[in-house]
Structure formats: C-alpha cells, structure tokens
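As structure tokens, here come the structures.
Same chain, two partners: chain A is paired with chain B first, then with chain C.
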Partner chain A sequence: MSHVTLREKTLSYLIVGPFAIVLAFPFYWMVMMAFKKDADFYNVQNVPFKFNGGPTFANVRLLFHHTKYVNWLINTGEIGVVVVGITLALAVPAGYALARLSGRMGQSLGVGIFLTYLVPPTLLFLPFFALISRLHLQNSIWSLVLVYPSFTVPFSTWLLMGFFKTVPQELEDAARIDGASRLGTLIRVIFPISIPGILTVVIFSFSLVVNEFVYAFVFISSSAHRTVSTGVYTDLIRGDLPEWGAIMVAALIPSIPLALLYNAFLNRFIAGFTGGAFR
Partner chain B sequence: MAEAVVEARPRGRRWIDIFERPGFLASVLISPAVVFITALVGAPLALAVYLSFTNSTAGSLHGKFVGLHNFRHEWHEAAFQHAVWHTFLFTVISQAAVLIGAGLLAHALIRPFRGRWILRFLILLPWAAPIALSLMAWTWIFDTTYSVINWTLIHLHLVDPISPPQWLAQPHLAMGSVIFVHAWRILPFATVIFLAGIASIPKEVDDAAAIDGATGLRKFWYVTLPLQLPIATVALLFGIVFTATDMVVVYILTNGGPPPSNSTEQITTWAYKIGIESGSLGEGAAISLFLLPVLATMAVLMLLFARRVEVS
Partner chain C sequence: MSDTDDVAARHGRYDRRELLRKGGVGALTVGLAGSTASKAFGFYGPLRFKGRWLKGDLTIIQWVHFVPAYDTWFDNTWCKQWGEKNDVQVKVDHILNTLLPARAAAEVAAGSGHDLFFQLAPLAQYEDQVIDHKEIVQEVQRKIGKIGALAHKSTYNPRTKKWFAFSDNYVPDPVIWRHDLWNGVGLAPNTWDNVRTAAPKLKAIGHPIGIGMSNELDSNMANIAFLMCFGAFIQNEHQQVTIKSKHTIEALKFMADIYQRGETSEIFGWTPSSNNDFIYAGKGSMILNAISATRTPEDRHLPFADDLWIYPIPKGPHGRYGLEHVMGVYSIWKFAKNKAAAKKFLSDLEINYRQAFLASKFYNFPTFPGALPFNQIQKYARADTHKPRGKYQILTTIAKKYTYNVGYPGFTNAAVSEVFATFLIPQMFAQVAQKKMTAADAASAADQQFKKVFAKWRKAGKI
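Then we have the complex of A and B:
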C-alpha cells in the first residue's frame, strides 16, 4: 500500500478543487437559472448567486407545456434506439473478429476502421446534405438514422475490439474442446461475458447521438422533428424572446443522467478505449 | 471405410464446416461493418471531393465542372484566410491548455483522498453533457448585460461598470472565450485518458524508481513522463482532430463574428456559411476539404505510432 502523505493530499485538493469549480460552474449556473424567477435574474441589482424571493418551478412548467421539448426528447430517444441497434449489429461481430485476427491484416483493418472515426461531420455534412435532399429525406428523422452510424460504428467497433481482446483465448479453447462450434462458442460463451463491454458501447454511442449537432442542425428544418441538441438552440434561443430559465431546465434534463452513466461506466470505457492497438 | 464416414454426415454439416475456418468466419463477421463504413464515410468523402470541383448549389448534384476555381477563389478570400488562422490558434492554444491541465489533474486525481468520487463527477460533467446544451449556460455567462463574470468583476471593482468587457463581441476577447470554452469541454476527456496512462505504469517501476532514490520532479521527468507519453500522444492527436474540425462551440457562441473582421471564424463555420447558408455547395465542400491535410497528418502519425507501440 503506497503511503500518501498529508502534504500530497493537500496538494491534490489544491489542484483538483479549483479545476472542479471551473469545470462544474456552468452546471451550477444552469441549476440556479432553472429555478429562478424571471424578475430575479433580469434585475442586475440582485446578487446572482442566490435565489432572491425564493426558487420557482414556473420554468419547468413553461418548458413542458409551451414548447416542443417533449417531442425533441422522444425524437432523440427514437433515433438513439435505432442507431444503437444498427451499431451493435455491425460492430459486435466486427469487433470480435478484429480482436481475434492476428497479424498485419487484423491490425491494419482495426486502425483503418478507427481512422474513419476521425473523419468529422464538418467534412461530410455537405455531401450528405446533397444526398439527403436527393433521397427526399430532408426534414425526416430517418436522415439522421441513416447518417449517425457513420460515426457510431467505427467508434463502437474500436471499443469492442478492446473489450474482446481482454477475453482469454483459453476460455474459447475450452468450449471448443467440449465440442462447441466456433459460432456456438461466440454466441454462448463470448457474448454473455462481454455484456458489460457491450453495455458500455450502448451508453457511449447513445450519448454520441444525443450530442450530435451539425447533421441534426443541417438536415432537419421543422421544429417538430428536431433533436434535443438542436431544438433548444433553434427554437428557444433564436425565438423572439429567449426563455432562459426554461432553456436551462432543458439543458439539465439530459445532462444529469448522462453524467451519472459516464461515471458508472468510466473504467470500462477506458479499458476498451486503450485496449485497442495502442497497447 | 472413410467414404462411409463422409456419407454418414448429415447434409447441412458442410455449411457449418465453412464457419469452422477461422479466416472465413472473420471475413463474414467483419464485411458488413466494412461495407457499411465504406458506403457511409468513403462515398461521401469522394462526393465532397467531386463537389469541390463543381459549382453545384444546394439541393442539386448537377454542377458544372470548374476545376480548381473554388479552391483558388477561397484562397484569396479574406474571410477564409481569417478562418484558417483562427482554426490554427483555436486548436494550438486550446490543446496546449488541455495538455497542461490534464497532466496536473491526472497526477492529482491518481492518489486516493476523501471526496475524490464527487470531485471526479464534477470534473467529468463538461464531457458527459451534450455540448450544444451546455453552451446555453456559457451564452448566458458571457451575456452582454447579465454576465455573472462581469457582475463579480464590477463588485470587486476590477472593471468599469459603465463599459464592462463584452466577452463574445470584442474580437480578441471573443477568440479567448471560444478557446476557453473549447478547452473546458475537452479537458475531462484528456484527463481520463491521462489517468489511464498513469494507472497502466506497473507498480514495480514505481518501486524501482523509489529504491533508486528518484522522487518528485526527477521521478516525473525520467520515469512517469516517458512511460505516459504513448497514451498522452493518443489523447493529443484526438484532441487536435476534434478541435480543428469542431463547429458547434464557435457557431453557437459567436457565429464566427460579424464581417468584415470575422473575428472568430473557423474553417468549419465558414464552410457552413458558404455551403448551406449561401447555398454554394461546391465552394463549401472546397473550404471544408482544406481540413483534410490536418486529418491526413494526424492519421499518418497515429498509424506510425500504432506500429511503434506494436514493435516495442
């Protein structure tokens, strides 16, 4: 057991403390604004760090009753579920095969798939825009379902390859000696013990979908079909009179569960991410 | 006798046999993903290159071939030149800040201490929350009238209450603000990767260093840093790609700034303005393709790097 001195601990607090304050400040600010009364935060004489005249739920009610926020949540959820389904169907087999393919071929293919993840939406949104309008998919959430796997599949294949590499080859050999076929081993032995890894991929690719802005912004033009990331910006900010309180509620709702999930699955994410060809 | 054995096999068995060949099974498992990625990334990329040589407009793929005209035209465009310079600044400064910040944070977080869980949770927030939504908070924090930064600075008598700083409107401040926000957003991810790098250093190395009397800065410089370098490089290359090609931070916070100064314009926001807002699809594609050399360089570095790690 390494001995952590008091001096080292103090140093940790001195470094981590200020960083944590700066990194978390916008979220503290979201909470404050979400529950403040309009009259409170539009008064520059008020101290902005406290609720002057108590907190309110008016902003929450406004968001849910007078905007299309619920629609956007549903759209995002639908797109997310379909995209994650497509992603798993393609990335799980590919990730497994890449983890077991030894030699140059497997290595180059793995890195090749990974590199496609680096081709950004900002380079592809113009050609995709041309294609989407050709297919008459503009303003439909199916355009996003079609395009999103272009980044979730490479990302997930990479992560899954990392996970599958940690499954000992001996386990497979044992199943094969017991008479199972390769495919049978894959389905009955490898996949079940990889469920935590697969769950990690589900969470992180779903969050990539929630996060995506450029495609959703360019392809979808009517408010009813927007996702959370674009709807809040286009309809609530650029509207006649931004309802800042409601905007902050809208920002908090997806952020908090995602942050909790990230924390819970962080170690697995790291294991998959660094378990690929770079180790 | 051997023939009889073959005869005795059930008919469907031969198909299953194919799956027993490792090479075949692997190609069956990989091909769908490869085909899909080629179609969804390779094809649009090729289409982007094609479009950049034409004068296509929004909604049509039938432009006339104009050769290098789009590239040459943009090359001499003042707004584009600003955009290239700003993209460079945006990337280099924010990544330098992230590198230092992540190094410090990771070394501080690796030791166990009370309250580490909650501090780690707070530090991860910018990475976990959807960026377009957390930018809403930043928009308000930088607001011209209601900025909390200005309120604090005014009450500390550090700035003049008559003309407080306009964080997103004054050219240099605006650039500083978008760089800061982007570094804020990337820092948690880099920290996580750095933590993984430090954690992967075997305990024996640490002990050996301690026996040899290496402590503090010396140990960091000669032991921790070299061992951590591979993974830090991966984090950095990632950071560079995601920063140079990011559009959302600048677009939402400043929209690139008003012409003619275009004080925060990036290659990405400029491509959006020309390609979508003005509808010059071909020229927009040409602008975004100027990012390709950056991507190609990073890709080559990563490949070289992957090979080196594999050899050692």
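Then we have the complex of A and C:
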C-alpha cells in the first residue's frame, strides 16, 4: 500500500515538477535581472543565470527615485479597485438575471454579451478616444475607470451566468417558501454560495486592469497618471536603451501580490471558472 | 426732482467731460498697478498670462529621446525657462517612439490632443489636419538664415505650397562598427563590397553584421539608404514610382547575400532598439545607427566602447547615399488650443539650437544651418575626449555630403510617408532574404503596392 502511495506521489511529482519549473522560471529570471549590475547584462561571456560580480540595489533605486513608479502603482491599484466594484455591481445582477429570469433567451443573450468581449481594443481605442475627449477625461485615470468595464463586465457576466446556473433552483424555492423576498434570497442564499464565482470575477477583473495596455497608453499621456503597464514601457525604455534591471523590479513587485492572491484562492478560483462548465 | 448733483447718476450715463475724467483716473490706476504688479507678486513666482497673446498652457508630446540627457535639458531647463520668459505653462509628455503613430491617429480621430506633436519622420499624410507652418519657417529664416535643403524637402509640399510640419532637427545616420573585430579580418566597412566580403568572416568568429529587415524605423532607414547606394529610389523628382528597376533587383540580391552569409534570423523581428542591444551585448560587428549606439557604451563604460568607430554609409555602385536616422518634426494640429505659443516655442527653440545640440551630445543637428554652423559643430566634435579622439568629427561630413531625405530625389510627400510608415521597403528586403520571393518578383510586388499608394494621394491632390 505504502509502495503504491510512494509510486503515485513520485509519478505526480515527475509530471508536475517540470511544469512548476517552467512556470517558476520567469520569477527566477525577474529576481536575477532585478538585482544584476549593468555591466553584467552586457557581457556575453557571463553566465546569465547567476550574479556575476554580486547583486545590486541600483535598479531599485533607479525605479523609486528617478521614475514615478509609486504613482503608477497607486494609479493601478485605484483603477483596479473601482473597476472591480463597477464590474461586480453590474455583472452579478446581470449574470443572475440571465441565469434565472430570461429562460431560453438567457443563453443567447449571454453569448451575445460575451461576444462583445471579443472585440479587440485595437479597433475600439480610436472611437473611445473621441468619446473620452468629449468628456474631457483625457489624461485622467477616470477615463480608464469608464472604459475598462466595457470588457470586464461582459466576460464577468458570462462567467457568473454559468456559475449561477450550477446553484440548485430548489435552494431558492425553499428560501422563497420560507418567506424570503427575491432580493433576500439573493443576498442570504445565492451570494454566499457563489463566493468562488464572485472571487474569480474579482481576481480576473483586477488582473485585466493591471495588464491592459492599449487604452492606458492612448488615454493617458503624462507620466504621473500612468499605470504600471504603460509606465514601465514608456519611462523605462530610454529610446533605444531598455533599463532591464529596473524593468524587472517594476514587473516583479506587482506580480508577487497577484501570485499570492491566485495561490491563496486557487481552489475557489478553479471552482469559479469551472462552475458552469458542466451545465 | 433728484437729490444729487451727479449728472451721470441722475441720467444713468456720463457726459463727455465726466467720462474723460473717470477714464483718465481709471487708466492711471491700471497703468500704475500694471507697472508694479511684477514687484507686487514677486514672492509668488512669475505672473501667469502677462504676455496676453501667448496666454494659457502649451502641451507637447514627444518621444523619449535616445540620449536621456536631452530630455533632462528639454524638460527641466529649456521648457522651464521658456515658459517663465513667455508666461506660458509648458507641459511635456514623453512616450516611446514606436507608440507615436498610434497616438497621432488617436488625436486626429478625436480632434483633440497636444498643441505640439513630435514625430521621428515627416507626417505628410496628416497635411489636412495641421496648420501651415510657413510662418514659423519664415520667422526662423529671418533670424538665422535659410532653412536646410533636407528639412525643406522633408516638410514642404510643392504641390499644395504648404509647410505641413516644422523640423527642428535631423540626426545623421552613420555606420557604427567594431574596429577591433573588423581589423581582425583585415577590412573596413567603407564599401558595400567590403561589407559583403567581411560578413561571413565576422559571423564565423561570432560577430555578425546587424542590418535589420523588420517593421521598424532603423530597418526602414538602413534599407532605403542601401537601395539609394545602388541607384534605386522610391520615386523620381516628379513623384513617380521608380522602385521597379534593375538597380533595386541588384540591391535586393546583394542584401540577401549579406544576410545569408553574415547575419542571423533575429534581424527579421527587430525593434528600433534591437541593433543597439546587438552592439551593447558585444555581439554585433556593424550597424547603421545614430550615435546613441556609441554614447551609451561610453556612458556605461562597456569594455569595447573605444573600439566603436564611426564611418559614413558604405559606398555602393551608385555612390554613398545615406538618410537621416531621425527627421525630428513638430506638427501643430488645426485643433491645437494654443497655436500662438506653439509657433513661438518652435521658432525660439530653433534659433537657440546650440543648447539642444550640446544637450543631445551631438545627436540632434539643427535643420537651419545658421543655428549652429558646421564649423562650430566640428569644433565641438574635435573637443570630445572619447576614444578614438575626434571620432565624432566625421558627423559633419556625413551631414553635409551623405544625408538625403526620405523620398529623394523627390520631396517627402504623403505617399512616401505612407510607404515609410507601412514598412513596405523592409518587407520587400525580408521577402528576398528569406527566399520567399525572387528579387524581381519582390520589386514588382513593391511597385504595385507603391503605385496604389501614390494613386491614392494623387487623387487626394497631395502629390
């Protein structure tokens, strides 16, 4: 029995091990690059996987003292929180309505909403820019708060629609028989058991905001108002000279909390994504 | 009837004498206040909007300069001082050069954006969206003399008689090469024949040639210049497409040979900074690039910095024809909010271009030769202490003798700008180098594409 367990475990590690190494490698690379000296980057004789001549904090100093990185982090965080709030406020009721109230129409509407998510930002940034300009929101983070829900809400609605369908109708019926209103049923019964789905929407929307580039680049032109994704690209590539070390520090810092967040809620995240997969 | 003697008050209006008296007192008060205002507000910094015709903000968007010291000077010294002197709040946004075209498209689509928009190549395709910059050219000419031929041919449309941009600078495009490596194979890149001969030897010792064939600025410049050295041109002086020629075919075959014997496939995916990285990593033996590729190794004390030499573009069968590496042009959109300040800013910048030249470490050359004559540039270059001593002196020769506009021998028109912006030339080279097309087929295909573009702009009345 123990032999079988050991063999199974070994097999699991043999399969998972290479994947883990491949997936962890970017983090390792970021850490190495973040603390390497300039001369280390440009000497092709050096082994790139280790420090040649010791680590340095010069890249961290460059990032924090000579760029507006802290502003970019704050902007990204603010936009992320507000966009997640808007997304939840719109997608949760919409997803529930499509799952429960629209009958057969719900599926078609859900697919229709999801399709809007597939329109690429490269097509939409010109008309959106005109709109932002008319609203006098150019160079303001509120332009992104306004635009980002256009792609977070459709996907989240579609995702939640699938998730809400997995919640047994009988639970709702029981609550209604016990005298709960529809809103009360939603708040007391449906939402608590839909936490994995809602959490998935939170993580997904926040990740999209952190990663988005095209809108953030077009709508924001001053360095102080940029997000991390555009600030790093614009302010840390000096013409034809990328500041590799500082870029890696800049990428490493936001990726750590995101990785921890994903890991902490991994099971719920998977449940959220696969919730509607079998219905 | 009334209990006051004030006639004006009685009748609700002033008679002539009363009006003159009150007007005089008012004018005196305003005059006195005005003359002492600067002292009165002395503790609070310069007055806003004292130069009334320039009042307001001036917004500028431009690239992140390849020489970081230039941006520091431009933002913190030039714009600050100019703003204080003219009582205008100057705001400068910097974005990466590759993102400028998308930004320009967005601003035009929205009809809103920055007062001054900077590009690295003339935006002739936006002629209808910009003002005529003639007034600025005339003002600068009045102060420091005639505009250079390069800027004239790059920013003026002879068909519509419109200056569709104002160019403050251009950047000579020399060959940057590793003297130690080339010396090892007993050659120098002074002719394209030498480059072809040395290429396999250099590649064999792990130091290939680095001429890009990718959708990016440096590849565009290098490939067009290479064509011209072989007598092949995008258009003639009458703005007719001339790309389909035996010279183009010869050039395409020649470059394909250089690639196959002396380059690596990475050049097909290069960005504007890739050839610089190629040199900085100690791998590349030769690139066509501005002097930022030598300045960075100097600044970072890279071990081979002293072995980086500068030459004019290699000589081809037709001669030595280079392009500018960058044609720095500012445009003022028709929808710009502060056109007056934008115009004055540009003319003042050009008139005082010596400071810009020095801040850019000899990277930016003024488009008006009178702003900083070549003999003075030569003097500065001679004083540069980097090794080999005096290596930057060759820049004046390159600028004077071997630097032509995109679209030479014609003007840089909207059609040429579109050919340039859509990277049709590097694509043509890449097709042949990768053996996807024969040189003759690639030239024919390019000819068809170019003719469509030219027909479109001819129909629009721009060429």
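Quick notes on this structure:
Note that in this section the second predicted complex is superposed on the first by the 221 of 279 C-alpha atoms of A that agree within 3 Å, B and C clash if a C-alpha of one lies under 4 Å from a C-alpha of the other, contacts with A are read in each partner's own complex, and residues count from 1 in each chain.
In the analysis below, contacts are C-beta pairs under 8 Å (C-beta built on N, C-alpha and C of every residue); 3 or more make two chains touch, one makes a residue touch a chain.
Predicted model only: the values in this text are computed from it and were never measured.
Look at A:Pro26: by the touch rule set out above, it reaches chain B but stays clear of chain C. Within the superposed three-chain model, A:Ala174 lies out of touch with both chain B and chain C [touch as defined at top]. Touch criterion met: A:Asp38 reaches chain C, while chain B stays clear of it. When the two complexes are overlaid on their common chain A, residue A:Leu241 makes contact with chain C while staying clear of chain B. For chain A, the partner touching the most residues, choosing from chain B and chain C, is B.
By the touch criterion stated above, A:Val111 is placed in contact with chain B alone, chain C being left untouched.
Of the two partner chains, neither chain B nor chain C is touched by A:Ala264.
In the superposed model, A:Ala224 makes contact with neither chain B nor chain C. In the overlay built on the shared chain, the residue A:Phe129 is in contact with chain B and with chain C.
For the contact definition in use here, the residues of chain A common to its chain B contact set and its chain C contact set are 42, 44, 125-127, 129-130, 133-134, 218, 233, 237. Residues 61, 63-68, 91, 93-97, 99, 102-103, 105-107, 109-114, 272-273, 275-277, 280-283, 289, 292-293, 296, 300-303 of chain C touch chain A in their complex.
Of all the residues in chain A, the ones that touch chain B in their complex are 2, 4, 8-9, 11-13, 15-17, 19-20, 22-27, 29-30, 33, 41-42, 44, 48-49, 89-91, 93-94, 96-98, 100-101, 107, 109, 111, 113-116, 118-131, 133-134, 147, 149-150, 153-154, 157, 181-183, 207, 210-211, 213-214, 218, 228-230, 232-233, 237, 244, 247-248, 250-251, 254-255, 258-259, 261-263, 266, 269-270, 273-274, 277-279. Across the complex, chain C is touched by residues 38-39, 42-44, 125-127, 129-130, 132-134, 138, 217-218, 221-223, 233-235, 237-242 of chain A. For chain B in complex with chain A, the touching residues are 16, 19-20, 22, 25-30, 32-34, 36-37, 40-42, 44-45, 47-48, 51, 56, 58-61, 101, 104-105, 107-109, 111-113, 116, 119-141, 145-146, 148, 151, 184, 187-188, 192-193, 195-197, 200, 206, 230-231, 234, 241-242, 245-248, 252, 268, 271-272, 275-276, 281, 284-285, 288-289, 291-292, 295, 298-299, 302-303, 305-306, 309-310.
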